[in-house]
Amino acid sequence: MMSQTCVEVKSEWSIVAARQAGRTIAKDIGFGSVDQARITTAISELARNIYLYAKRGQICIEKVVLLNKVGIKVTALDKGPGIKDIRKVMEDGFTTSGGLGAGLPGVKRLMDEFTIDSTVGEGTTIDAVKWLR
Amino acid sequence: MMSQTCVEVKSEWSIVAARQAGRTIAKDIGFGSVDQARITTAISELARNIYLYAKRGQICIEKVVLLNKVGIKVTALDKGPGIKDIRKVMEDGFTTSGGLGAGLPGVKRLMDEFTIDSTVGEGTTIDAVKWLR
Amino acid sequence: MDKFDIGLHETYKSILAEYLVTNSEHSLYKAGKFSRELIKNNMSPEDMINLHVSVVQTLIKNLPKEVSDTNDLLLEVMVGYGLAYLEHQSLRDRQKQINSEFAVAAKMQKQLLPIEIPDPITLDVGIKAVAAGPVSGDYYHLQEDENGYLSIAVADIIGKGIPAALCMSMIKYGLDSLPEQRLRPGALLENLNRVIEQNISTNMFITMIYGSYDLQNHIFHYAGAGHEPGFYYQSGTNNFQDLTTKGLVLGLKRTARFQEYELKIEAGDFLVLLSDGVTECRTEDGFITRAEVTTIIKKYLHLPAQKIVDNVYDELEKLQDFQLQDDFTLMIIRREV
Amino acid sequence: MDKFDIGLHETYKSILAEYLVTNSEHSLYKAGKFSRELIKNNMSPEDMINLHVSVVQTLIKNLPKEVSDTNDLLLEVMVGYGLAYLEHQSLRDRQKQINSEFAVAAKMQKQLLPIEIPDPITLDVGIKAVAAGPVSGDYYHLQEDENGYLSIAVADIIGKGIPAALCMSMIKYGLDSLPEQRLRPGALLENLNRVIEQNISTNMFITMIYGSYDLQNHIFHYAGAGHEPGFYYQSGTNNFQDLTTKGLVLGLKRTARFQEYELKIEAGDFLVLLSDGVTECRTEDGFITRAEVTTIIKKYLHLPAQKIVDNVYDELEKLQDFQLQDDFTLMIIRREV
């Protein structure tokens, strides 16, 4: 029931695979089409970040149940260069204003919960959850 | 050819009449559907301003030709209370942030040219032009 | 189908149904009002698209499957706009926060300026100071002392905004901490220059005119630091004369020297001190010239000093289409008798 | 039909045509990338809707007239979103402008702080100061004089942002203009309080701890004005003791008095001075307590003072999810021998 689906990210093609996995699970959980599109966009950004900055990593997607709510959790893992100044990366408009796309602040906005753990030289782990309303 | 169509603004109904007149002339001049919608929205805002703040006034619409370009000119006239601090009214977001709608900064954005002349106690005249591209 | 407010769904459905029958401007007007309502409720554009799609599905029977497919793709595109829209809302909140900070800062700046304009019996003083942005980078000073001197200054920090505001408080504390040098305005600027040179970064400069008006003998002692020259108006000839000064801007060179001048003011004559925001205001047809400023002043010669500066401001504000390009400071000191 | 970039039209048409055939995630991915492209090119949402409508018309033969009608109405609604989008762009420009002003202001603030940390032979000094926002409302001071005293201060302006930054320069100029009162920190705070009370508005207050460390005898003379108490760490007992002080916040009452204290520092012991941004940092589970701060410090006792404060900051930053709620200033002064 609570099994995780993981997709190796190592090419642009695998971004699509991660999106597909996310959309399928989101639909199963019962998210509507707008939220499906939002979750997929968030996954796209996370996978793209891995592909661009860490070269390879993993996107894992699972259904989460907490008390009386149910949601989807997306985890992005990589052993890339890590993020030096997390405060700066998470600043509003830091990424979008450069036209680079939604970036991490965008993912945070698209989802309900967002945590990031990063060590320079060791890699980055990002967890993002969206609850079904 | 260069005749002006004027609509008395004195009720909510006359806002619709002003919009209709603007849309017809905009279409005649050759504006596409998006620009028609933008011009109509600008007229709507101007007429609404008159209706709300000056109670009555006039919206005039005409085709303008200048050298090798053609456009539409919207004039909003009233003998209302006038605007005390024009700098403040034209500030970005001064009106939209209150949720009151596009207001005058919105009209300025929707059109290409915008001039305002207002005397406290005497009334306000606004000219807005959009050129056909 | 996503859930959204049933009221919105019903409203949009009735507008759309009406429009399908009437194709009228009246329905489009309702659509415009509806749009305003949505934005007021912070409804994001992709939710709006979804609302539209769902209403279209209930209104049009046998909608071709292809049309629904195109809507799915449109939704995907609109999520990007939704993000921009969310960013817009948080920028707006941030902007509101900064605006309220600026409001407090502007109040603090006001406290650096004279609380009331001195009104010596023999003089008529008018001052108009308006910031181009939320905080000012112009500073002025007007203070009558117990020895019968009125000290007068206008300063302009090169640059605007927050850094200029930070600088401005330094000028005030700098002036406060310096001993009075009524008859030696050049020496005063030398000392102030040293304070500034020590405390601010190499790329912040200040222009200033500083003078001391001898209320007994009507002699104006002054010196300038790269500042926009003032004017001296002689009622006898009905002419303006430039108050040119020699001296570098403050903060540039620690050992700068400032030439001192003195000027006898006759009854009916007046001094005009200003910042370059008055003379360099940009209009559609280029820049205003100094001659244009004096021409405007001449139109109002018969009025009290405060009325003159107010009127000059009003005219120049309008010429600039109500968008000041630089902080504006204009001061008139007229000898009445 | 409105004109728009033919390239965009063709790109969108090919994505949509592909999607109609494949219904694939791959096409939706392309749509997402296309959306990013549009936003990069500042294409407004109503133009995007128009593009969609026009492509749908070329792709689907015999599109029902009703569907086109609904699109007209959608366009009307989207113009409202277009306005929000344009406002977003100008807010973003304004924000960029303000950010660059803040960057200059932050640099100016740095110049108010000690250029280098004093390093007396018998002491090991560490300082970590981080602003929560673009400019800081915390101030610190560290200065060794020729008489063998190290003067030390940490101040916190109540409030943040631009007004606090303006205040901060006043503390600096205030301290600069006061005569040194090495053994009378209370008197120094009294004088500073008067300067502040005169110059700032009634609703700006400053908390401060000021002390003078006698490098010869290792005695710390200090006084506080409503400031977060520091700590004294005794290596003998491995315990922290609060440096509580009596005294009102600065700027509240012109005649405020400040109690003076002295403390003998033994070899291996150290002083911790801080602002409430260190102890009042908010985490998911409530506020950090003072005991938690000393617990973290204890983990790093074996390290040099600078390493301790750096590590404490890193831990607390993480606990707060990288979002500082208040300016952070933490200083450790350890007697080595």
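Order of writing sets the chain letters: A, B, C and D. Residues in each chain are counted from 1.
Everything below uses one rule, namely that a residue touches a chain if its C-beta (ideal position, glycine included) is under 8 Å from a C-beta of that chain, and two chains touch if they have at least 3 such contacts.
Quick caveat, the model's predicted, so the values are computed rather than measured.
A.B. asks: Taking a step as a move to a touching chain, how many steps at least join subunit B to subunit C?
C.D. replies: 1
A.B. asks: Please compute the C-alpha centroid of subunit C, do the same for subunit D, then give the distance between them in whole Å.
C.D. replies: 27
A.B. asks: Where the CA atoms of subunit A average out and where those of subunit C average out, how many Å apart are those spots?
C.D. replies: Result: the chain centres lie 44 Å from each other.
A.B. asks: Could you check subunit C for residues that touch two or more other chains and list them?
C.D. replies: Within subunit C, residues 28, 32, 36, 39, 72, 76, 79-80, 84, 87, 91-92, 94-95 contact more than one other chain.
A.B. asks: Find every residue in subunit A that makes contact with two or more other chains and list them.
C.D. replies: 40-41, 93, 96, 102
A.B. asks: Chain contact graph: line, ring, star, complete or other?
C.D. replies: If you draw each chain as a dot and join those that touch, the picture is no line, ring, star or complete graph.
A.B. asks: Where do chains touch, given as pairs?
C.D. replies: A-C, A-D, B-C, B-D, C-D
A.B. asks: What residues on subunit B touch subunit D, complex-wise?
C.D. replies: It is residues 32-35, 37-38, 40-41, 92-93, 96, 102, 105-106, 109-110, 133 of subunit B that touch subunit D.
A.B. asks: Quick check on the complex: what are the subunit D residues that touch subunit C?
C.D. replies: 15-16, 19-20, 23, 27-28, 31-32, 34-36, 38-39, 45, 48-49, 52, 56, 59-60, 63-64, 66-67, 69-70, 72-74, 76-81, 84-85, 87-88, 91-92, 94-95, 97-98, 101-102, 104-105, 107-109, 111, 135, 159, 161-163, 165-167, 169-170, 173-174, 177, 199-201, 204
A.B. asks: Residues of subunit D touching subunit A in their complex?
C.D. replies: Residues in contact with subunit A: 25-26, 28-29, 32, 36, 39-40, 92, 95-96, 317, 321-324.
A.B. asks: Taking the complex as given, what residues does subunit D use to touch subunit B?
C.D. replies: So the residues of subunit D touching subunit B come out as 1-3, 46-47, 50, 72, 75-76, 78-80, 82-84, 86-87, 90-91, 94.
A.B. asks: Applying the document's contact rule, which stretches of subunit B touch subunit C when the two form their complex?
C.D. replies: 15-16, 19-20, 23, 40-41, 44, 86-87, 90, 93, 96-97, 99, 101-102, 115-116
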